[in-house]
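In what follows, subunit A forms one complex with subunit B and a second complex with subunit C.
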Partner chain A sequence: MKQSRFSRIFVLIGFAVLYLVAFPLYFRNSNYHLGVVITASILSCISLGVWLTFNIGRINIGQGAFAAIGGYTTAILTMKLGVSFWLCLPLSGIMAAFIGLLIGIPILRLKGVYFAMITLCLTEAVTLVFLNTEKLTQGASGIMNIPRPGALAFGGITIIPAYQAGHYLYFYYLAAFLLLLVLIGLWRLNVSRIGWIFRALRQSDTLALSLGIDVVKYRLIAYGICCFIGGMGGSLFTVSMQNIFPTSFRVTDSMYFMFYCFLGGLDYLLGPVVGAFLLTGSFEALRVVQKYQEGIYACLMIALMLWLPNGILSLKFRERVSQNQMKPEGKEKG
Partner chain B sequence: MALLEVRDLTKHFGGLAAVEGLDFDVHEGEILALIGPNGAGKSTVFNLITSYLKPTRGSITFLGKNMTRLSMHEVAREGIVRTFQETNLFKEMTSMQNVILAHHLRCLASDWGHFFNSRRARKDEAEFRDSASAILDYLGLSPYRDELVRNLPHGHQRALEVALGMATHPKLLLLDEPFTGMNPEETDSAIEMVKGIRNRGVTIILVEHDMRAVMGISDRIVVISFGKKIAEGEPKEIQHNDAVIEAYLGKEEEEEV
Partner chain C sequence: MEQIIVNGLILGMLYALIALGITLIFSIMNILNFAHGQMYMLGGFVVYYLYGVYHWNFFVALGMCILILALIGAFFEKFFFRRVLRVARREESSMLLAMGTALLLENIALISFGEKQRGVPPVVDGVIHILDAYVPAGRALLFFVASILIIALLLFVQYTKPGRAMRALAQDKEATYLQGVDINRISMLGFAIGASLAGVAGGLLASIFPVFSGSGTAISIKSFIMIIIGGAGVVSGAIVGGFVLGMAESVGYGLIPGSITYLLIFCAVILLLALRPQGIMGKPWG
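And now, the complex of A and B:
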């Protein structure tokens, strides 16, 4: 038992070194390779929010909406008001969480496929809102030439230097830092009592209520955090791309965020990260098939449901899987 | 003053009156059984007392405080906790984890405290762990403490539900058909268990169909039929009450049909 825990920590450290030191060092001059990993890091971040809503037993296909809200918040604040990116990043998260909570209050009462359907519409609705508020968002032509991050300084001391043209490593570490921060935060949440309450809500909310747990509050906490993470991810994505369009985050993107969670495994915090890196990486490697991406994703998803309902990570932790195999429908039950 | 006062309690579902003008009191430290034929509205009464449903009319007063406006978790906070007719547990967790979670109302640390693992949160968790062990011991479930709940036999699952109820330190515990699906021996030990909980100062209301168990366990019985109270009294009185016999067996003319 203890030994497996140690070996798991070693594997984690190994991946962390690869991710934080080896890869960026080796590819420091290849903007293409760095770009792929930056994208994968940001996408993992955004899907970690979705993972949290799975944790409370809700299928969330609306995360793209909150990534878009975060992205537009950053774009508008930096372009129209000249706010520093370093302030925009948390503000985008807060904005997304605020809107998420407003929407969450009514819709989190829904379960299963009903919640999934509403969230599916959310992405489309948000796209339409940005498309039709032209004064603020410039409609379909989008917001372009968003400035790169400036320096972050406190009282004359520069904490983070400004971005210099062509330095992808800068964004690489920015994305890596955000991802690690989100991972650590969610890990704390997951092992604390709050994480246990989330899992309890997934299994029986009537029982949780009868034990005096404020189910509505904890659902909103989970959804708020989900949207907050989505908003920050969207913000970073927008700044790294330097532009945003109403179609930057479409319904299919929302689906992918959910799919990454499925692929990695809903039982594991690292599930969405594994899913996002694996798919982003493999599709960059197989550029020829990229135009069939959606079809391939769909087939993969069906295959997963049939043969590997607990995700790829369940292959690694087989003991746990064999214990959980009798699970009736996996986690997707409402 | 009674612990719980139910006055003129009424619940209509559309045109159907599930409960109609129900009055009864629950006194501190007693075991009150709520019985009646199928569909009499017993479970609805439970759902109303715990605020799972809102009454159409009437009041529920607990320790002098009106409960009808509160939501379900607030009612639990006041000290009214229930078990369910259908086994309702966190099935993908172990028995121990279930009982530890059920201590939620006794948390002193805030959510932030739990997130940052503050000293108070650690103290909470250590306390809950000890208390959960003690409860599982008391109910004879300690051999299964690390077993996933869905792997437990039915009888143990029912006992575990009671364990969750006890973990909240309720003042009033509502047991919905606690003896269903148990064989006579299991029922006897479950009766002793319920009596033991009462002796610890918890007042109990139970809904049950097993008449042998009801007669053996309850101090008083309230009989309802079609949502109305038709009798109330000690087990002996109820056994010989004409209205009760009629409600369960029907009138003679009807029997011939």
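And now, the complex of A and C:
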């Protein structure tokens, strides 16, 4: 058991080195490859929020709405008020979380399919809001030429230098840093008491209530964190793309966020990350079939549910279970 | 104003048809059919090609709509949903499957029909004068056909043997099984009927709204709103939801410019959920 844990840590460190050192070093001059991984990192970051709502037993198809809110917050603050990106990033998250909590109070009472339906409608509603507030968001034409991040200086010392044109490595590490931060944060949350409370909520609201858990409060906490992550991801996405439109995050995008979680496996914290990287990466590799992307995604979704409903990471788990079953037999023989 | 109300009633009747389809599948199998809008879109294309391009009789084209969509629905149930419902440990699984089918249908339609918006000529010419409102005869015909279909469906569910089996299945799956009902067959029938309702609604509305491959998502969202308003899984709720949304849309588009109408509808729905989460006709649930 201990050995498998060590080997798992070993594999994780291996991937981290690959992600943080090997890949950016090898592709440091290829903006295209870096761009793919940047997108994958940001998307997996946003999906991690969805994963957290799955963890409390709610099916969230509204994450696109909060990514859009975060993105627009950043766009408007930097363009109209000239606020630094480094302040916008957390502000976008806070804005998304605030709106999420406001909407969450009525809709988190819903369960299962009902919650899924209303969050799906939410994605559409937020798109409409941005379409109709033309003074602030310029409607359908979107906000373009959003400035790249400047330098982050604190007390005269530059902590993070300003972005230089064509330097994708900068965004690569920014996205990687955010992803790792979110991952570590969620991992801490997951193993802490709150993590157990969240899982209790997934199993049974009534049971959790009878144990003295303030169900409403913890549900709101989980949803607020989810929206916060979504908002920050949307903010970073907007700045790396330098533009945002009301249709930047559509209903299909919200569905994809959910799909990433499923593809990796809902029971694993790394599930959404695995899912997002696999899908984004494989489709950039197969550019030829881009026209059929949605169709292939759809077939994958159907096939996944038919034959691997617990996600890719469950394959590894199944292997280990069978190994464990083998061991006692070997002992008996010995 | 009379004009707006009459338009709202006609739209409401057709929306009720859509909502009945999704609520039927939901109550029998506990599956939210995300592909409902896409099935509506396919129904529109069937009518466009058979009636608009090949000049078949409109009603024969509608019949083909029902047949083709019923086959698609039965196929989905037999080969996709049945297995997933059996093996899945989470209810989310069937939902992701339904999304997958929705994306698949939409992509197939996009590849084979392109993005072009199409329309069909009106079925009958002329205008009917009711009170102070003028109604094109084509729309009056839609209203008529849709109400006949709804009544036929209600009678079918209420009085026939398979209809009773469906209602029993919606109430209690195990008890129904114990009574010797072939659950798989009834589920397949229910899914087929639900899909064909979406298809026939799409076929009917092809003469009012443009037919194009991307129309599905909006219809799915509308049908979700309808069953949220009325209460999911309740037949009367679907009809109420359909009429409320049809009327709201008609009044909104008549008085307020642009897409603000739907924004207001979304806000109203969220407010409604805060006050009455089970919808207007729904039974309270835990």
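Following the convention adopted for this analysis, the second predicted complex is superposed on the first by the 318 of 334 C-alpha atoms of A that agree within 3 Å, B and C clash if a C-alpha of one lies under 4 Å from a C-alpha of the other, contacts with A are read in each partner's own complex, and residues count from 1 in each chain.
Methods note: contacts are C-beta pairs under 8 Å (C-beta built on N, C-alpha and C of every residue); 3 or more make two chains touch, one makes a residue touch a chain.
Everything numeric here is computed off the predicted structure, so don't read it as measured data.
Colleague: Decide which partner touches more residues of subunit A, taking subunit B and subunit C as the two options.
Modeller: Counting contacted residues of subunit A, the larger count belongs to C.
Colleague: Of the two partner chains, subunit B (first) and subunit C (second), which one does A:Thr206 touch, if any: first, second, both, or neither?
Modeller: Touch status of A:Thr206: both partners.
Colleague: Could you look at A:Tyr26 and tell me whether it touches subunit B, subunit C, both or neither (first, second, both, neither)?
Modeller: Neither partner.
Colleague: Is A:Trp187 touching anything from subunit B or subunit C once the two structures are fitted on A? First, second, both or neither.
Modeller: neither
Colleague: Would you sort A:Phe10 into first (subunit B), second (subunit C), both or neither based on which partner it touches?
Modeller: A:Phe10: touches no partner chain.
Colleague: Which partner does A:Tyr114 contact after superposing on A: first (subunit B), second (subunit C), both, neither?
Modeller: In the superposition, A:Tyr114 contacts subunit C only.
Colleague: Could you tell me if A:Glu294 is touching subunit B, subunit C, both of them or neither one (first, second, both, neither)?
Modeller: second
Colleague: Taking the stated contact definition, name every residue in subunit A that is touched by subunit B in one complex and by subunit C in the other, in rising order.
Modeller: On subunit A, the residues that contact subunit B in one structure and subunit C in the other are 206.
Colleague: Where on subunit A does subunit C make contact in their complex?
Modeller: The contact residues of subunit A facing subunit C are 54, 59, 103, 105-107, 109-110, 112-114, 116-118, 120-122, 124-125, 128-129, 131-132, 206, 251-252, 255, 258-259, 262, 266, 291-292, 294-295, 297-302, 304-306, 309-310.
Colleague: Can you list the residues on subunit C that touch subunit A in the complex?
Modeller: 26, 30, 32, 80, 83-84, 87-97, 99-104, 106-108, 110-111, 217, 221, 224-225, 227-228, 232, 258-260, 262-263, 266-267, 269-271, 273-274, 277, 286
Colleague: Could you please specify the touching residues of subunit A with respect to subunit B in the complex?
Modeller: 188-189, 192-194, 196-197, 199-200, 203-204, 206-207, 209-215, 221, 323-324, 326-327
Colleague: Note which residues of subunit B are touching subunit A in the complex, please.
Modeller: 50, 52, 72-73, 76-77, 81-82, 84, 88-93, 97, 100-102, 104-105, 107, 111, 114-117, 121, 124-125, 148, 150, 164, 167-168
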